[in-house]
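The block underneath contains the structure these notes are about, expressed in structure tokens.
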């Protein structure tokens, strides 16, 4: 690791359908929240990093320009980082490297999206070129369905069991979201409701899928000196990891999913983690689809390959389980996509700072946060701890 | 400054109308060039940073996904940085912070654009929101024309003199481009031709304006240990600066242009530069418009406010002058916009490494590179030196 | 380039949007419908910002003091545009302009007009930085920035 | 949210493109016109990549050895899609599929078809991962990825 860096505060908007505010005002809501929380002012900040999923989600290409005022970035160095679904974690990485470099003591990281202003599936269609892949992989659910199916086939997991485990994940996360004041979807669902919901792309059903949310998240990263000076309880960055795969969806194995496995390994190595299920106290896994969340458990070494549905059904990853995953309700209940990865980071930070409120995992000291982007092509990790 | 970081090699495509290659193959041309130049292989690289102007220039939103193969980034951490026209310098900053953080020893930075594949002015229209500013500031030349006019008024510079100086800049840069093997426009122009060229937006005429180019640039950043290990003559990063302004064009003064002034000041302070005209040996100023180049000279302290047209006409900034600016021909002759800022960085690096070939400024030891983005809203600087 | 040019694919991207004004833009545009230009005043730096803002970009405080600003001002800079590109939101020829409305502290971006724009040499005789200008309203106002047709020389 | 919803603006962005195929895509799509699926072989790792590539994404060497690959292969994964969104490039219902063409080393992304796609329960009886499939060609081929209409079960 480089120079020690910590998160010293986070701010979130209330996520949901936010047609009550303009996009810049939504961004400012998160920024004001983090300043209120930390007692810092814009004058204290050395640099600002922001990002969205693809900028065209809301039809304004240069969002760091549009939001310069709202992020209180006028007169400051500013950076925009965008890596598709993993944007939020990449924003955190950019802020982390900036502070670790010694060139800044306080960096404000902001992620944002207003999905209700555009057409998310149509926008995502533009991530692939129009010669070849655009015709087949447009729309996120289809890609994840294929991946889930390959995973089921590889390990001969009975379809019934996977379906049950996915429903269990949906039910528990929807319950969790009630304890998260910022969550978008607050809705009680039953196993039967999930299993009988409308099919989106088989086997994925409506309640297996994240919503379109509007929201923003702001996180302040600080150097060790600044943490000491401010005297706040921080969440230390213990490890970061990121990996990409080939452009062509058919080129790489999406079951033994190297980008997820290696991104986690990079972060674990830095954090000195050997047995993640035992050592981690909580994980905020990027889970836009219930089925995919289980695959991440395996790629991150929370359990053995093919084993996750059993573990899920045993309750290993619930809030009272051995390794609580997404106690915030996760992406499944809240997905302002350019903010989503940074919300994972923020939630992990809140947990190790002991500030997660009603969804606090007791005595959480080490937390993993994660986001995924591209067409199953990128995975990013940030591990946070209460101790340096 | 943080941990020392240097550029150890650069690669460029031949820039121009490149409908002979697909966009990924164009990107790869620059990447292969930098590997050939340095003797490094993809296995040596710890991380990759890329970017374009707005991704929608070529209609594919997630270019770091599209180019993962071409940048030889499969299996690696990858980051996308986009800040409009200043993208190329922001890419360089991201790569610099990453290496300076101690988390990477070799980072590949790649900038790219294929402007002939899209409609650049229409794409740039999408940088502003559609409530207000989009109606008035769409199209780059208009904004720069207004700025030039305010500058002329502020210092009572005779229109004739400014016109002559701008024409002089056009003539000398077009001459310079002949000595740059990668430049796009290679065309002999005379003062009269520039002054009588078709008006784009008064007072800006066709030969005052950069072309639409296709091209890519790749630069490898290295830690001090790695520089030592490789035994290559590097270009050390001596200073970086970046500043943003308000979103609303009318809110900030574009003559006493704070983002340009403060970005340069930040970099000068780091590099210990007090008198830039004397201390710098060469500058690669982002000059999409002849008129604007003069304003930058003033903001960067190369001369006093209002003084630049006189200095230009005296030849102060030509290749034989006191401070040669844009000996490569600059943006005026080559503008693949997402690559353009990184080309400025690469050209500055080549100069201090003594590898600029026919457009080498003799004994250049300290060079400034620069790019501008947004609607006159962002300026970024990187200063490179032959000595640590 | 002299290289062989290979095949190309022609395509188009179309994306639909519905963007939220929020409270501040809504009130500002309602103002335009009623031939009123609203600014907001920052209580910290004292600047009157126009168009109205929800907050001051320098002081970062809410600017909830609304002010009806003058429709007369000074032309700060202008740019005659007479080229067209795909999707251009304003029909050329037009004159993008920065106008300092009386009593305000920032420049308001809009158009100059009210005279024949087709011949630039004639335009250049009429329009001068520093001249006094006044808003001219459209008869068919929709709560849109183009409810002000343009500013005309006074 | 219970808050008041203010005004919105409806707008659309349209952008035109002309994208270059370059040599490799040009030859690959010419192949499709002639009912031929081309791959390229990486001389370093020995993999046959399809569609044809100009270079191997793992070894980064040029892959200039062209191979006509089999039109028969194995269905690796599929996804039945029957929802529609604005600008969707393929008309639903369709079955996005990964197919390992015989003798190749990567999965080829295309569609499954050749049977009634309207009733998912019927579709599910027909289509199975691991089944053998074969390319079905369009009569009206333009040098486009949809010159292959779909792959049908064998």
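Just so it is clear, A, B, C and D label the chains in written order, and each chain counts residues from 1 on its own.
The rule we apply is simple: contacts are C-beta pairs under 8 Å (C-beta built on N, C-alpha and C of every residue); 3 or more make two chains touch, one makes a residue touch a chain.
All values derive from a computational prediction rather than experimental measurement.
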Centroid comparison with subunit B (C-alpha atoms), farthest chain: D
Subunit A and subunit D: spacing of chain centres that average the CA atoms, whole Å: 29
Averaged-CA centre spacing for the pair subunit C and subunit A, given as whole angstrom: 38
Contacts with 2+ other chains: residues of subunit B: 18-21, 56, 59, 68-69, 74, 119, 122-123, 126, 129-131, 246-248
Per-residue overlap in subunit C, given as positions that touch at least 2 other chains: 4-6, 8-9, 11, 13, 15-23, 25, 29, 57-58, 86-87
Topology of the chain contact graph, where touching chains are joined (line, ring, star, complete, other): complete
Residues on subunit A engaged by subunit B in the complex (per definition of touch): 1-3, 23-24, 47-48, 54-56, 59-62, 64-69, 73-84, 90, 93-94, 96-98, 100-103, 123-124, 126-130, 240-248, 252, 258, 262-263, 266, 373-375, 377-378
Subunit C residues within the subunit D interface of the complex: 4-23, 25-26, 29, 86-87, 143
Partner subunit A, residues of subunit D touching it in the complex: 1, 3-6, 8, 11, 13, 17, 19, 21, 25, 29, 49, 51, 57-58, 76-83, 85-90, 96-98, 106-111, 120, 124, 129-130, 145-146
Complex interface listing, subunit B residues touching subunit D: 18-23, 25, 28, 32, 41-42, 56, 58-59, 68-70, 72, 74, 114, 116-119, 122-123, 126, 130-131
Parts of subunit B lying in touch with subunit C, wherever the complex brings them together: 14, 16-21, 56, 59, 119, 121-122, 125, 129-139, 141-143, 145-147, 149-150, 153, 199-202, 246-251
